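Everything on this sheet refers to the single structure shown next.
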Amino acid sequence: MLGLAWRKCLGTPDRGITTGKENLLQLVEVIRESRPRLILCPYWEDRHPDHVHACRLVQEAWFDAGLTRIGCPLPPFRAGQIWYYFLARAAEPTFIVDVSACYHTKRSAIMAHETQFGKSLNSTETFLNAGPGSLLSIIESRDRYFGSLAGCMYGEGFTTGSPLAIHNPLALLGVKD
Amino acid sequence: MLGLAWRKCLGTPDRGITTGKENLLQLVEVIRESRPRLILCPYWEDRHPDHVHACRLVQEAWFDAGLTRIGCPLPPFRAGQIWYYFLARAAEPTFIVDVSACYHTKRSAIMAHETQFGKSLNSTETFLNAGPGSLLSIIESRDRYFGSLAGCMYGEGFTTGSPLAIHNPLALLGVKD
Amino acid sequence: MLGLAWRKCLGTPDRGITTGKENLLQLVEVIRESRPRLILCPYWEDRHPDHVHACRLVQEAWFDAGLTRIGCPLPPFRAGQIWYYFLARAAEPTFIVDVSACYHTKRSAIMAHETQFGKSLNSTETFLNAGPGSLLSIIESRDRYFGSLAGCMYGEGFTTGSPLAIHNPLALLGVKD
Amino acid sequence: MLGLAWRKCLGTPDRGITTGKENLLQLVEVIRESRPRLILCPYWEDRHPDHVHACRLVQEAWFDAGLTRIGCPLPPFRAGQIWYYFLARAAEPTFIVDVSACYHTKRSAIMAHETQFGKSLNSTETFLNAGPGSLLSIIESRDRYFGSLAGCMYGEGFTTGSPLAIHNPLALLGVKD
Amino acid sequence: MLGLAWRKCLGTPDRGITTGKENLLQLVEVIRESRPRLILCPYWEDRHPDHVHACRLVQEAWFDAGLTRIGCPLPPFRAGQIWYYFLARAAEPTFIVDVSACYHTKRSAIMAHETQFGKSLNSTETFLNAGPGSLLSIIESRDRYFGSLAGCMYGEGFTTGSPLAIHNPLALLGVKD
Amino acid sequence: MLGLAWRKCLGTPDRGITTGKENLLQLVEVIRESRPRLILCPYWEDRHPDHVHACRLVQEAWFDAGLTRIGCPLPPFRAGQIWYYFLARAAEPTFIVDVSACYHTKRSAIMAHETQFGKSLNSTETFLNAGPGSLLSIIESRDRYFGSLAGCMYGEGFTTGSPLAIHNPLALLGVKD
């Protein structure tokens, strides 16, 4: 559905994410294997503890992946940037990306997370998928609101935690090289 | 449309609001005449300079209305609270009021501001009334987003600038005396 | 002294609060058993590490209490609100409650914490109970200061971390339904 | 009462402070005449508009006093520091000075401002001088609270708006050269 | 020196910038004439009052340039973005642009401002051009510091005051369309 | 090189700092043994996880060192102040100390950390010691920038997290008792 070339799930159980050694090494390995330019992870504040811990885990693994003596045989690698996306909690975004054209896909991808958002025969209505204050409602209405701030229909907000390094400022204006 | 018992328009022209003596005295008089428990005014940051100046004017007039020697014959009066509502710019609200039941009225009231939002025969499409990034879009999508945060359909966000004084905390939980 | 209908002490030793599984499950059980509308817990910053950890523990248990598969036989429950009170550290409160009428009780309740604040025969003078900078002094002078900001003698300040959802805004003005 | 060697009152009427040319030049002259190391002025936020305007006036005059072509015959002078003290509104102070030993004098000096705080035969009770939420109460209870944070009886809080330049850090610990 | 195709100087005297009608109309005319995609102006806090007033003037003129009835015969125009650069005061930048390749030009352009920074025969040493704490030193050392944060030699920091709207997020990573 | 009278290294391995009981007791013992007036530790945000954990460890040990029943035989002690210095991340400092006279020593001390910054025969170029965006570059350019803000060549910035208690305010102006 998302058209990904590569996807890896670490198999950590619900409410089981920590910044312990084992989780860290697993993620360091993923980073060194895939050598990403950019890492996306949940914003550092959220009401779901797993999202908060996942954020810290990513921050620590990002750092450790660049160290030489960390107990992983792959060569050190430091990813260029980390962007944080919002789940139940948000802050003012550093930037908003126009995602109107692929918003249908985002919605389908969320709904595919059957055990949490699914409304199939056996799934129950929960505060995640039902009512004007459900997590689904928070995400969709915020995407629409951020879109309005960016002059488009749906906008995905990101924060960076530190200044963005921009090599071609004209690109921020939509001007190509 | 709003069912107001009383309304007064000061007749200040567009882009003509200042905190000059004349505007201040006019507003002091209104406050001393109506003796409100609560004053609502635009949030102190906005892209429309008139909203910013209106906010400052209200803050200064609120103060001056309580002074004895200010050049207005009515008796001094200090309103209990000022709540700030959001227009084009917003911050995290101190509290969100469920306005779902009267949202239809809010929308009609905005559209009644014919010269700005109207889509009648002679009015033009502007960045206020048309498109996914219009002021109307910002307001409606934000009200829906604030609603989702408060567990309701539409929410009006307010900030207070200083701590709210609460005499019956149970009322915050929806418990009646 | 406090006139509580129900009180439960988890028996965690001093400096022993963590967000480990055992502590979490204990608190989830308490929340599901008592099904509170409101949870009060210490503000997320403090100089006492136990208060900081207690705050995180409450936030995680509040979330977990609403999950279905968390290892507790009682039915899921999500408390409506969390309010944070201040101990040694404070921030600008979201709201201040007039507690003048029951301040005598608050003071007695604090002093009843004999091992920490007591000045009985065998207790020593510590930075908690003695001198102009003791914890007792910080709390009492801050309550008086917050009271002055709310127009009353003693005020208890709370912060909410996210916007308050208000169903009857007139209640904020002391107007009854 | 204050034991000042020198005091100058500019004679600007109540609610008449602006950053207009005349007020600015008057204050530039005072600064160039007295050549102070330090300027004390009200914090930049307050409910009294005169305090807000006075703060801006001081900031602009501080700058202008250092310019060469500003229309004042005295030689240019740039004061080393500006410290902001709190009136009705406060923020977290940068530092707190122990003023316990001279607090009696502060209280007398405030009360000497007869037209505002005085309780003499002809003065009326106002929100400045009477009740648990009067300006006097705010100031005194805050000074006591700031004192408790600094380990003393009464503390005067200051903010600086920008980092303090410290030449002898040991002085911050109370160690003499 | 700067290789500008077009430059207009409004001729407002030193310490003479206000948001009065005349200044506003002049700037609205410039904006409507040049129809810029982007406006650069000084950050909203600075120790030089002219920079603070210039910032407000730009913000108000940006808005007014988009109004229909503002007293300027040219057609309404709303510039896409405003970026704020830093002078004597700075905040954490939203983004940093690598300006190493043209830093020599920036330095020459500043020094060309002869009456302020010049060290020619007749110019005096001032706090602008001389010593480790001069304005020149603040600017150059900050540009080097911001450069280090962005992984380059010299970086120009900007803040935007509200979220950036990004149409091609890959451009933020230096990837071309 | 640093001319220290006393130095103790706890021997905790890289990426091994936690706020676990063992680390805490070790540090409590050091604090009770040396009874410092002031503790310096890394700022609470940094990209190196060890610096973040070290900061928390110091905050908790500072508190525990003042408790009576913590499992350390030495008498309780509470250090007067904690100042936080900056490594890879910084915030606006509370104060800046002129360190120009000893900057050579600081640089040598950093370079002496051979395994990290050394450029000796066998050490490799890393993002710590090489290039315009290395940690070394960040530290040196920031020290120069903070120096410019304090009117000196090199300045070390500190933040305190809570208001400084000042007993002799004239010392802040460089005036001796």
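Each chain carries a letter (A, B, C, D, E and F) given by its place in the written order, and its residues are counted from 1.
By definition in this document, a contact is a pair of C-beta atoms (placed from the backbone, for glycine too) under 8 Å apart; a residue touches a chain by one contact, two chains touch by 3 or more.
Worth saying up front: this structure is predicted, and the values here are computed from it rather than measured.
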Neighbouring chains shared between subunit A and subunit E, ordered by label: B, F
Copies subunit D and subunit B - interface residue numbers shared by over half, same or different: different
Winner on C-beta contact pairs when D-F is weighed against D-E: D-F
Equivalent-chain rotation between subunit F and subunit C, CA atoms, steps of 5 degrees: 120
Whole-Å gap separating subunit B and subunit F, where each centre is the average of the chain's CA atoms: 48
Distance between chain centroids, defined by C-alpha means - subunit B, subunit E (Å): 33
Numbers and ranges of subunit B residues touching at least 2 other chains: 149-152, 162
Chain contact topology (line, ring, star, complete or other): other
All pairs of touching chains, each written as two labels joined by a dash: A-B, A-C, A-E, A-F, B-C, B-D, B-E, C-D, C-F, D-E, D-F, E-F
Footprint of subunit A on subunit E - complex, ascending: 37-38, 80-81, 92-98, 146, 149-152, 155, 157, 162-169, 171-177
Subunit C partner contacts - residues on subunit D that touch it in the complex: 100, 131-134, 137-138, 141-142, 144-145, 147-153
Contact set on subunit C toward subunit A in their complex: 19, 59-60, 63-64, 66-67, 69-70, 78, 162
Subunit D - residues contacting subunit B, complex: 14-15, 47-49, 89, 127
